[in-house]
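Multiple structures follow.
Across the two complexes that follow, chain A remains constant while its partner is chain B and subsequently chain C.
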Partner chain A sequence: MIKAILIFNNHGKPRLIRFYQYFAEDMQQQIIRETFHLVSKRDDNVCNFLEGGSLIGGSDYKLIYRHYATLYFVFCVDSSESELGILDLIQVFVETLDKCFENVCELDLIFHMDKVHYILQEVVMGGMVLETNMNEIVAQVELQNRMEKSEFVFISRM
Partner chain B sequence: MSPSVRLQEMIRVIRSARTQCEERGVIQRECAAIRAQFRQADNVGRSHNLAKLLYVHMLGYPAHFGQMECVRLIASPRYSEKRVGYLGAMMLLDEKQDASLLITNSIKNDLSHSNQYVQSLALCTLACMGSAEMCRDLAPEIDRLLRTSNSYIKKKAALCAVHIVRKVPELGELFTTAAHSLLSEKNHGVLHGAVVLITELCEQNPESLAQFRKVVPELVHIMKGLVMSGYSPEHNVAGISDPFLQVRILRLLRILGRNNDTASDAMNDLLAQVATNTDSSKTAGSAVLYETVLTIMDIKSESGLRVLAVNILGRFLLNNDRNIRYISMMSLQKIVQTDHNAVQRHRGTIVDCLKDPDASVKRRALELSLALVSAVNIRSMMKELLLFLSSCPPELRAQAASGIFSAAERYAPSQRWHIDTILHVLTTAGADVRDETVPNLIQLITTANELHSYTVHKLYRALVADISQSLVQVACWCVGEYGDLLLRAECDDTEPVQVTEDDVLDALETVLQSHMSSPATRGFALTATMKLSTRITHNVDRIRSIVSIYGSCIDLELQQRAVEYNALFKKYDHMRAAVLERMPVIDKTSPGHSKGEMTAGPVQERDQTQKQPAVETVSQESTNQASNLLDLLSSSDDAPQSTPAQPHSLDACPTSSSSPEGDLLDLLGGLDLMPAPSLTVYEKNGVTLRLQCDRQMDTGVSITLSASNSTDGDITQFNLQAAVPKCVQLQMKAPSGDVLPARAAGQLTQAILLKNPNKVGLRMRVRVSYCSQGTNYQDTVQIDSFPSVAWQ
Partner chain C sequence: MKEIMVRAIYCEMLGYEASFSYIHAIKLAQQGSVLEKRVGYLAVSLFLHESHDLLLLLVNTVLKDLQSTNLIEVCMALTVVSQIFPKDMIPAVLPLVEDKLTHSKEIIRRKAVLALYKFYLIAPNQVQHIHDKFRKALCDKDPGVMTASLHIYLKLIKESPESYKDLTDSFVTILKQVVGGKLPVDFNYHSVPAPWLQMQLLRILALLGKEDQRTSEMMYEVLDESLRRAEINHNITYAILYECLKTIYTIHPKSELLEKAAKCIGKFVLSPKINLKYLGLKALTYVVQQDPNLALQHQMTIIECLDHSDPIIKRETLELLYRITNGQNVSVIVEKMLDFLRLSKDEYTTIDLVGKVAELAEKYPFPYNSWFIQTMNAIFSIGGDVMQPDIPNNFLRLLAEGFDSDEEDRQLRLLAVDSYLSLLECDTSGLPQRFLQVISWVLGEFSFLKEGLEPADVVERLGKLLDDDAITTETRCWVLAAMSKLCGSSDALCKAEKVAHKYTSCLDTALRQQAVELELLGRDVDLRTRVLPQHGFCVWLQVDSSLSFLDGFVSDALARGAAPYKPPHQRQEELSQEKILNFEPYGLSLPVSLSACSLTDRQSPTALSLSSSLSNLLKLEGVKRVWGKQGYLPEKQATEEALAQEPSSIFAPSHQQACSESQQTTFSTIVEQDQEKRQLASSLFVGLGSQNLGKPEASSSQRFRRKVRPEDPSDVNRSLAVSSSFSHSSSALDVLLDNAIPDPTNLSDSTSEAVPAVGNTEVVEASEVSSLSGGSGPLAQPSSQVERGLESDLPSRLPATLVGLLRSDVEELCSGESLSLSACKVFDADALVLAIFLSNISDSSIQEVSCLISSEQLKVPEMCSTFSVLSFYLNVVVSLYRLVMEAPGTQAIVRGSVSCASQATQSFSLTLSLVDFIRPLPLTTEEYGKMWLSFSHDVKQNLMLLKHEEEDQLEAALTALKEKLCLHIVDVIGAEGIMACQLVSGRPCLLHCHTHGGMLAIWLRSPIADLPDCLLYHCQKAIQER
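For the complex of A and B:
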């Protein structure tokens, strides 16, 4: 099970946080800080798996992260997930974001936080991997956005 | 106008704040505005407000006032508002909040909505934060959705079902048939969801596991299709066709094939095929291969296949990509118990990984190396491990140190090697070892008779050079105990140190005065100094002066020791040599004792006369009994006397009150659980005192005195004192309290240990004193006959 998905930048500012297990608000912020602390110390040519944090889930969890330009994408998983699979999943997620936002950059994530959440909802649901086919994900997100837009057109005409 | 423009405005404003304080101010203003708008009845921009609130929540500011708004938005008919409402529910609500119950109805309605996206929102929310009650309510709905024809909904319903099964395992049976039928789907998303659901059902319930074994041929068929199919653009990741689904199916096959021959047979061909055909140059292929290897090792596969699997792992281990190396070490860890020899072949590579600059790889290599230590390779492995310890990252030190200790204990080829290894670890990583190492090491040293002079020489050198507390404690103890060997300066195994008595005393005094010594260490040093008074010839006066200085020390423990040692010098000089002689070999305690289970409370010993020092160990208890009891003893006709105290036997216990472990004299050893008859020994004024023999040992017995009160008022200041004939030793543990509640509402117990090495008849005199309804009472009871088990 995926316990949390965190995206933060090189200075530790959170860009997207999604927890699939209940934590109180201050615990959530503490987890973000601790994760940033662990991940930022890593060199660029070491492996993408980290153990040793203590806040989430006790002992059965590891952090799988990828560093893209200014952002860290961190998935916090337990032992029931395949580590290399999650690594690929991060790649799929980022490529999906790229397709949805057209050459996605950090500012896109900042200003369209809700949209990123909706895209993530198509990939991971309830801590489990839902869909890994990028085209399928993008198609569904498009349809949903179109539906939302059509409502607003209707309302603004009123 | 696009829906979140106001959100973007707010974000822009927040980002332009230059200081944290400014940002807080902006956010507070925004939150106040949002709260005001929430209170208005109808509002076009409701969804924007909630979106803004969620952004603020992500930054870490409180957002609980948005919970009711989420509920309202979810109930709205408009999709845009529902969307934000559900997102808010997933971020802000959880089953502990009351508001979460209110959305159950909305979710129920939305699950049967005509629009599939509304349905999917409801499913998503249920899967994220559905409580057990919600799951129970909505499970039939989910089951219905599992049978629709819409694959988008089906895959979401499958994962929702997994969440329900996790929360309420009994509902698993509801989904079993649906799960079966989902396996014949073509859509990969649905297949994936179905496999996850079946995996969860099998993990929860062994009966489902037996049922789903029939599905193995179907799964094999699907896998074959994936592996052998050509290039299919929609599921392709780096040349592998839907590796995510392959990995899931392999995992499920592993669960189904475990401990089951028929299922394992059905999979053998497939696993061989996957193992040979998958291209592992990219991560996707490696992921599939890795799962295959784990599955092969876990099921009852044929030996050829196992060899293939271990070879694949070996190849992984030599791969340049660090991720692959990490993964292979993880999988080797899983199989090291069962296929130990196969993993031993790769020991060289694993030990090399200890030197890898990557901390994660180091951690894996350390665990694996510790698992690979065996009697054959202990010397070479220990060399590598000690080398690693000196350069390892700080977070791994404690683990490495404890791993080295347990490995050394199990496979030490000689005692000298064992002591050397422990000393090496203490000098390199002394700050990170656990407290138990000190008594364990001391016990080890006492058993190694021939090595005493060697050990004390090495430790003396370490004492002068080092400051880590564990090492200093052990060194002080050794110098105190074997100081004469040190001064004689003869040693076979190592270069003897030419020290004078002054040097040794200097070293101990430095420890006593150093700011870096913990109170426990100072205690060790003081006792060691005292012990040296019998082992050296010239500087006894110096020792006396050192000891008397500490008689006014602020630390209670040190002060008590110093006062007692002073008394030993002044009044009981004739006994000093006997008291401070060499310690007997200490018995190794069972693991239960050394882990901190307190089987013995504070041990207090009774002495002949009032002035004689009573040495106390681990936890201090207020002892007002000493003087009163001694009056009792001196006044009786039998002149019962207890044997002289043996303080030296208690020296070994580290006096740090933090760890009650290390009760090296296992006084209550020997578990003879005989039925314990009880005897009423005193009954007066409503107070009943009963005696019960708990345990019988070769040389003694442990009894419990329990008191109860049948009057209407509480009895306070209840106190028991006991005396025994000479040649019998008495030790009283701490009473459970000193108040007897009225009307036998509770009991007081006190345990007493009698040591009877000469096997004389056991007799005991007990004085009971208490205060009942304002009057003080005191009575004496003679117990001549113990319940029969007391007689040998």
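For the complex of A and C:
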């Protein structure tokens, strides 16, 4: 199961956080800080997995991350997830963002954070991987957007 | 509003409190247009958590949206339900989510499946009835829905692999289709068909095939296929390969597959990509216990990884080394680990590794005692104050309790004292507190062993420790305690008193107490000689752990009107009872049809305990390895031996060669480095092959086997316990069987030679029986008839005391070449008697048959019934076991095995339901009333009555319950009925049934915690099956 998904930039500023297990507000912030601390000091040429640490759920916990330009995408998962599988899931997620925002950058995440959440909701639901097919995810998100727009037009006409 | 909400989310993300907006988020989700609703739901799922109070306000909205015709609304509702709904709200939405499983859109079905999975994780009891719907989801025509359902199956199979073996075939077929590219092209990812689905399936197969040859055989083909198909071109194929490897090594082994898998591991380990190298190391770690030779093949790579720049890789390598540790390489490996520890700063890694080093140091016979002390010292100074507290505790216990020989004990202690004294002479400010505590304890206990050492000296050195300001009060206590142990001589005493005096007015109570005690000791000479005998450190004191000396005090307090003590969990339960959420409609005006299945469930303790006990069970099974120490196949052993000689033959010559070269020519530095590595390799992997090591736990003799102390019950030998309980339980059976008159049977065999029963008392020898009845029974029936009649005939072999009782049908447990086993349950008043019939179905006689049963959930008389001879065809013996359920559970599994001299052990398992242990409890209404009030654990639930056309629903329901569950109907008053029953161990459970509007409300109460919950499950089943 995926316990949390964290996206933060090179300075440790959170850009998107989504926890699938409850933590108190200050605990969440601490997790973000410590995760950033762990991840940021690693070179780009070392492996993308981090094990150990007792932040979330004791020892059954590993971090799988990818670094894109200014952003770190970190997935905290338990032992039931495959490392490489999650690594590619991050890739899928980022590619999907790229497709939806057309050349996604950090600013997109800041100004459209609700949209990012909707996309994430189509990929991961309640900690479980829901969909891994990029086209399918994009189609779902677009369908929602379309329906909303039509309703919006309908309301504004009234 | 929508924009504001998004901003509030942003604020929360940055860590600023925005709780004022929570209620607005809920409002937005309730009232807004779809656009706003979406933001509202998103905000709610981010802001709120399972136990937030505001969540209650959301229930109605979610219910409404679940029934909406708008696809998006339903999606949103399902998402929110799966993300934040707590246990007690699940009943409200469960029927609606269930309906969604048959929705026409696949995305809805898929989300519904995942939501149900989430429910299953939170409250497994509540979704028990929809397991067959999961099966339908597995067969869904859309692969997406099928994928989602695999989550559930992975979980279910992890909990009880036995019950899903029948699905193996389907999983294999699905995987075959996926691997074969039968899925639509949409599902391809980098031209690999549905990789995530493949991984999931492989994992399920691993669980199913574990320790099960027959199931494993079904998957060999498809595993081979996936290994072949995964051509190396992308990360994701490696991900599949990795899962494949794990599966191959988990299931029953097949040599061809193992060979291929070993090659694949090589690909991982040798890969230049660091991620793959990491996984390769992980795979090696996983595999090396079964096949140590693989590590030998890759030893140079492992050595390289040990010097890798990435600490994570290093750590993984050490983990691998830890697995291959044996008596010969332990010192090298421990040294490597300590090297790593000195450089590492990560706290978690330190804790973990320190624990491992300590374990290794204690477990393996090491070259010198001093090595052990040095290693432990290194651990204490590196691990410092973050390590697990049981490491120093274990160390001290080892020192205190000693090992097998007294001389070595003395030597070890002396070494410890020596090393600590020299440590104290140096600067002590850098040492961690825990280490100082260990030092002071050891010096306090054992410094007398060192001859010529004045206690006063030690006291002085310890006293110096106290001068340091950085020392915590806890350590000060340890130091003072050590000092008071050293107060044997007046010299030391006076020094110690001086120090202690400083602390007699200290604010910390523990420290102060220690100091005052020391002063008192100083004043009273008699006391001192009594408390501190010379050299008397190992006297074990009897401690009254039940605190019985306080009984008087307790009864006094009770007499004065104090409340009786309640254990914390009971107190908590009583508190939580006041906070039950009512989901029943107050009137019929509620728009939603809650009545479909409204379970007013509180926390059900069994849900937790059940799952935990299940996982326990799993863990135990996991202990057994597919690969024994000797490997599976005989030829395997041969190759292993051949390989075992290899390392020495490879390394020894090259070593010598290099040495001679060095004498003759000036060798280049590169050669030297290489040489170093090779040397390291040979020291690390020494003894790996030759010792044929299986698991590190089992590989070498434990040096530090603790002495068995009679006071310590955990140390008592298990075989002892078994034998003592044997005599105990058999005496109980003696009573039962003494007056067991053999029942005449119509099976008589003219060839019977009346072998005298040499078995135990609990055996009814069938041959005796038949010889007794030989005259009256029909003579020499044809054997085919006998065979047919065997099943129905078996019950008649029960002893007479059990004949009149209710019993179940005889069911066959297992049958081998010569033995056939059947069982029958007899419902005695105070126990469930399990009768196991062993019949000889071969022509020859069977010697020394013994039968052993055990169960984790039941109290089983631990005995092994042995029958000397089962002499002839269709000779039957009966073995009886009286089972009592102590802690209630919905079911209990009894495992057993039968062995005899000539053939392999046959094992069997039998599942008993709680119902088997339930007996009616005859009560009057008055007694019932009294008992009802006195019981503290209760559970209440509404069950649906299916048959509306029935005249008297209550009557019908009660009869059904009575028949299925053996309950006693106490009384029926109007629309209410009361019933009573008891567990065979004598503990009652009361039921109260009430019908209203087609619903049956059941309310159970009992003095023990889990009984109502478990019984409720069976009531539910009984009503449904009706």
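By our rule, the second predicted complex is superposed on the first by the 158 of 158 C-alpha atoms of A that agree within 3 Å, B and C clash if a C-alpha of one lies under 4 Å from a C-alpha of the other, contacts with A are read in each partner's own complex, and residues count from 1 in each chain.
Here, a residue touches a chain if its C-beta (ideal position, glycine included) is under 8 Å from a C-beta of that chain, and two chains touch if they have at least 3 such contacts.
Small disclaimer: the values here were computed from a predicted structure and weren't measured.
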Practice prompt. Quick one: classify A:87 as touching chain B (first), chain C (second), both or neither.
Written response: both
Worksheet item: After lining up the shared chain so the two structures overlap, which partner does A:130 touch, if you call chain B first and chain C second: first, second, both or neither?
Response: both
Discussion item. Looking at A:103, would you say it contacts chain B, chain C, both, or neither? Reply first, second, both or neither.
Written reply: neither
Worksheet item: Which parts of chain A are touched by chain B and by chain C alike?
Response: 14, 16-18, 20, 22, 25, 28-29, 42-43, 45-52, 82-85, 87-89, 92, 110, 113-114, 117-118, 121, 125-133, 135-136, 140, 143-144, 147-148, 151-152, 155
Response to the item:
Note: in the complex, chain A contacts chain C through residues 13-14, 16-18, 20, 22, 25-26, 28-29, 42-43, 45-54, 59, 80, 82-85, 87-89, 92, 110, 113-114, 117-118, 121, 125-133, 135-136, 140, 143-144, 147-148, 151-152, 155
Practice prompt. Sort out for me which residues of chain A touch chain B in the complex.
Written response: 14, 16-18, 20, 22, 25, 28-29, 42-43, 45-52, 82-85, 87-89, 92, 110-114, 117-118, 121, 125-133, 135-136, 140, 143-144, 147-148, 151-152, 155-156
Worksheet entry | chain B residues within the chain A interface of the complex | 1-4, 7-8, 11-12, 15, 44, 51, 54-55, 57-60, 62-63, 78-80, 83-84, 87, 91, 94-96, 115, 117, 123-124, 127-129, 152, 155-156, 159-160, 162-163, 188-189, 192-193, 196, 234-235, 237, 242-244, 247, 251, 283-284, 286-287, 290-291, 322-323, 325-327, 330, 357-361, 363, 395
Fill in: Partner chain A, residues of chain C touching it in the complex
6, 9-10, 12-15, 17, 33-35, 38-39, 42, 46, 49-51, 70-72, 75, 79, 82-83, 107, 110-111, 114-115, 117-118, 144, 148, 151, 154, 186-187, 189, 195-196, 199, 203, 235-236, 238-239, 242-243, 274-275, 277-279, 309-310, 312-313, 315-316, 346, 348-349, 352
